[in-house]
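You will see two complexes here that share chain A, one where it goes with chain B and one where it goes with chain C.
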Partner chain A sequence: MEADVAVIGSGPAGLTAAIHARRSGASRVVLLEREEELGGILKQCIHNGFGLEQFKQDYTGPEYAERLINELQHTDVQCLLNTLVTDLSPDRIITTLSPQHGALQIKARSIVLAMGCRERTRGSIGIPGTRPAGIFAAGVAQRFVNIDGYLPGRQAVILGSGDIGLIMARRLTLEGASVIGVYEIMSYPGGLKRNIVQCLNDFGIPLHLSHTVTDIRGRERVEAVVVSRVDDALNPVPGSQQVIQCDTLLLSVGLIPENELSRKAGIELSPDTGGPLTRETMETSVPGVFACGNVSTVFDLVDYVAQTGEAAGRCAARYAAGDLHQSRQPVDIVAGQNVRLLFPQRYGFQDDLVLFIRAAEPVENPVTVEVKPPGSKITRPYARPNEMLRVKVPMSKLTEIRQPIRVSIREK
Partner chain B sequence: MTAQQQHFVCVVCPIGCEIDVVHDGNRIISMEGSKCERSEEFVTQELVEPMRILTTTVRIEGARWAVVPVRTDKSVPRRLFPRIMRQLRGITLQAPINMLDVVVSDVLGTGADVIATRTMTRE
Partner chain C sequence: MQGDRTLARDIRGEIEKQVGEQAAVSVGEGIARLSGRCSSHDTAVQAGFLAAGFDRIREVVNDLVFPGKMRFKPRRRISEELTGKEFDVVIVGGGVIGLAVARELSQFDLSIALFERHNDLGMDQTSHSCAMIHPAIQAEYGTLRWEMNYRGNAMWDETARQLDVDFRRVGTLIVAETQEEEKLLPYVLDMAAKHNDPEPKLLDREGLDRVEPGLVPHVTKGVLIWNTGIISVFELVIAYAENALSNGVSIFLDTSVLGIHTEDSAVRAVDTDRGTVRARILINAAGLYADRIAEYAGDRFFTIHPRKGETIIFDKSYQPVRTVFAPVSMAAESRESKHSKGGGIIPTTDGNLQFGPTAFEVCDREDVATTAEGCDSLYTRFAPLLERLKPEYEKPDRGKIITQFAGCRAATYKEDFIIEPSRKVRGLVHAAGIQSPGLASAPAIAERIREIARDEWLPSPNEDFDPVRKRQVRLAELQLDDQDKLIRDDQLYGHIVCRCEDTSEAEVVRALHGPLAARSVDGVKRRTRAGQGRCQGGFCMPRIVEIISREMDTARHHVVKSDGRSYILSKRTK
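The block that comes next holds the complex of A and B.
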């Protein structure tokens, strides 16, 4: 099978990329999804707050997905469901497996990677203790409750204050479980402030900063966890242990871009984001392969995910048509003062530069985001590690640049 | 009632404005930190009766999945959440259902309908 643009993954990034690839003139667009329905993780995110920026609407995840799916179904984009991509080669041949087509190879002029991310597990953070039932990644518990209709436990402790953990604290409480507390190893919360308010404060669920789980007890099922306070170096403080009786531990301890396929294709990955090193066109280090959404870097808002999906779809269509010129060597974009990570990491002189920036340390006063060269300075009211900053530098200001672009955040 | 100070975080949008309000129990005397009209409305309402959208699921039969996601189509008093949840627990829907179909109209006399937030076909 041949395609102009093949998109891997049908979450918000992939759906948006497929729609925009078609809209930008690619005639044979194929969308590959390993599950039995389109929509990706949005289907289990039943809470509202999606699309406020993009659609000026307060959608739930399923509504946001259905809006995109309806848009897609008005096009002739071909959707292959139950289709698992098992291999991706640098010359853009995709190998898929599905009950309908068996093993099928797709030769694509350009490819958009939109595989999203995975949750970190107990193994990634190394909690000691026994290995009983009742320990779930927060997103897995979310799927059990919101799609399969199962309550994973009655008395829960949540480790990590990422947004999924906060959302699940509220969800379990509404379903009649008791959420004893949310414990966060850092001295500041991981999720959005509005989620602290409407998911924890609204339900009287305590948030314990600078605390972590240091032991898990129980044979068949979780019976208790031990939590400890941590010092400035994040080491547990001896004598601060507290035993908490519970039957469930949810882990909301971070997300990792899912890049097994990217590695197979030989795509260069960023050690900072865990995703492909990407240009402003969303093109990766392998020509004709683009990446967008949480496979690139974990974004805070679906609106940002969709924005990168739109750029990837548009530029993948241009590439397929032979219309994306690479006459100039791209320059690197590097993290300066108080910048933990950046997306994209390269500028290829094809489009305006929309930068997503995560601060290393919180600054609660007005900050200047400096992009140099060209020396653009953009003011923001604050910089917080849990809320990405987004700044735009128009292409007209960037055409003369020869050296790497450095991005810094400074208190005003 | 004497003037008292209260701190709010607006949940209308992801910015999450932090707002300091001085009020006397009924009337707002001063407000600082709000960046838009919507957050001022939010705080005014928050002092009287906190209102939220409720999102949850309801059992469904004949569909691919066991439950279908639903929400209130406008904000309802937060204190009614447990009672609305109890009412929804007693309901089992039959597939097919369309996004925005009404599951319960005027739930607990709030004027809000509980609506489905996705389409589920009959399988």
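The block that comes next holds the complex of A and C.
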């Protein structure tokens, strides 16, 4: 099979990319989805807050997905469902497995990676203790509740204050479970402010900053967890242990961009974001392969994801048409003062630059975000690691640049 | 006997001198029995070792009581479904030893039953092992452990071929970092040869590059003990069991032995929580509870003291070594310890690197909890070493650890295997005290038990015995064309349930049927690899729960993770 643009993954990034690839003139667009329905993780996000910026609407996840799916269905984009991509080669041959097509290879002129991210597990953060039932990544619990219709437990402790954990604190409470508390190892929360207010404060669920789980007890099912305070170096403080009886531990301890396929294609990855090193066109280090959404870096808002999806779809169509010329060597975009990570990481002189920036440390006073060269500055009332900053620099200001672009956040 | 009394007094004195505890000691028939109170688990264990240190002591029964000592709670009888059944042989324990023995004895015309207390096979030491076929150099020369190790090691090529299980001889590579250390290599070579490891090799840099490419330039010499192997241990358990079944063995899961009936000092019947079966031969392969089984039969002459080992496993994207790898400084250090311990850098057949296992005496045989100290000690011991000796590879990273696990070794105080007919009870044969390197030794232990059975009971051969077992097809192992054919024959192979390990729904469904059907999410995981990958079930667990519920015709909230009441879900939502 051949395609102009093949999009891998049909979450918000992939759906948007497919729609915009088609809209930008690519005639044979294929969308590959491993599940039996389109929509990716949106299907299980039944809470609201999706599309506020993009559509000026307060959608739930499924509503937001439906809107994109409806748009897609008015096009001739071909959707292959139940189709898992098992391999990706640098010359853009995609290998898939599916019940309907068996082992199928697709040769694409350009490819958009939109595989999203996965949740960090207990193993990777090394919580010691027994290994009973009742320990879930928050997103897995979310699927059990919202898709399958089962409650994972009755008394839950949540480790990590990522957005999914916060959302699940409220969800479990609404389903009649008791959420004893949310414990966060950092001294600031991981999720959005609005989720802390709406999911914890409104339900009287305590958030304990600078705390972590240091032991899990129970043979068959979780019977208790031990939480400890941590010091500035994030090490548990001896003597601060507290045993909390519970039957469930949810982990909301971070997301990892899912780049196993990118590795197979030999795409260069950023050690900071865990995603491909990307240009403003969303093109990766492998020509004709683009990346967008959480496969690139974990975004806070679906609107941001969609924005990168749009750029990726548009530029992938241009590439397929032979219309994305690389006339100049791209320049690096590097993290300066108080910047933990940024996206994209390279500028290739093809498009306006939309930068997504995550602060390293919280600053609760007004800040200046500087992009230099060309020396663009914006001010923001604060900078917090849990809320990405976004800066747009038009292409017209960037054409003369020769040296790396440095991004920094300074207190005003 | 006067000599026994003197020996008992000497042991008592030694315990008082070394650990300051007042133990009551008696000695008879070479067995030291310790009782009384002592202050801690630690000193109780040390007392056991001190008694075992006397040459004339064959084994130690340690009844010392200490604060926090676990009380053994036998299961209650729940049914009589097995009552009235009769077998020639009952094997207690469905770990790799019990299963290897079951398969081996099925060469005879005997009716054989195997009882396993868990709802799956190989759940204790076997699945908690590091899946390594040890070279004999690590076992103490002259012990039964050493003998079984070197004999067993040599049998694995054929055994793995017959059973169609992944097995690779990756070798143990011991390298020298300095000229001083290079002087130790001939000694390692001698030791390996003395322990019957065949043809250990002294490698120069060229040789090193062939077996372990990318070593730091200053490493120029090493010893390769090539017969070290790695094996797919979950597959092995199923393979042994399937082959035993097809040769007529009956396997009963979730069946716990509660007692043994003897008559005129001969085995007559076995009580289980599912009824009483008649049997004349009893093989004690009960691992962590082998001393309990011996006691039930009236032949209590050793005590199992559990020694916990923790292991950490890395993601497949981090594969810095091909061999079981150690610098000579570390190899020398672990040789100084007499007991199984230490741990190492060990690759697996599935491509996940392991660090481990550690070794800590614990008082609870069911203690499988991991600890921060255990993980830290492994990581800080081995990660800097890899960083230093294999600098070209990606740096080790704790974020690449996908899981940690722990299990207990079933050690006796003599720290040797006990493989012999009971000296007291006819029909009882012990395969006890089997700890590391039990996996490597398994075929040799099974063979030894077969010889005992042959000599004691003169059974006639099973004319239909077939040692060959074929494994089921695995989608992930096939080439593209074969995958395509398979899916066209059965669409369920095209539905991938576990994206990390590429396990298809067809494989999961298959694992849930047949005489060795998985009964839990972990059971499916061991049979199909679904959930063993980097996301640790994040993607597949809800799907596996759904498939188990469908195939076993049970509600999703009745699906268990592993044993007992390990329910994954609590109820339907409102």
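Everything that follows uses one rule, which is that the second predicted complex is superposed on the first by the 412 of 412 C-alpha atoms of A that agree within 3 Å, B and C clash if a C-alpha of one lies under 4 Å from a C-alpha of the other, contacts with A are read in each partner's own complex, and residues count from 1 in each chain.
What we mean here is this: a contact is a pair of C-beta atoms (placed from the backbone, for glycine too) under 8 Å apart; a residue touches a chain by one contact, two chains touch by 3 or more.
Note that the structure is predicted; figures quoted are calculated from it, not measured.
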Touching partner for A:374 - first (chain B), second (chain C), both, neither: neither
Which superposed partner A:43 touches (first chain B, second chain C, both, neither): first
Chain B versus chain C as contact partner of A:362, first or second or both or neither: neither
Touching partner for A:100 - first (chain B), second (chain C), both, neither: second
Touched partner set for A:34, first chain B, second chain C, both or neither: second
Contacts of A:90 with chain B and chain C, given as first, second, both or neither: neither
Which of chain B and chain C A:147 touches, first, second, both or neither: both
Footprint overlap on chain A, comparing chain B with chain C: 145, 147-150, 175-176
Residues of chain B that touch chain A when the two form their complex: 9-11, 13-14, 16, 18, 50, 52-57, 59, 64-67, 69, 71, 78, 81, 85, 99, 117-119
Residues of chain A touching chain C in the complex: 34, 82, 84, 86, 95, 97-103, 105, 118-119, 121-124, 126, 128-134, 137, 139-140, 143-145, 147-154, 175-176, 214-217, 219-221, 247, 260, 263
Residues of chain A touching chain B in the complex: 36-37, 43, 46-49, 52, 58, 60, 62-63, 65-66, 145-150, 171, 174-176, 192-194, 196-198, 202, 300-301, 387
Chain A contact footprint on chain C (complex, rising order): 313, 317, 366, 368-372, 374-375, 398-405, 475, 480-481, 483-485, 487-488, 491-492, 494-496, 499, 502, 504, 534-539, 541-542, 545-546, 556-557, 560-574
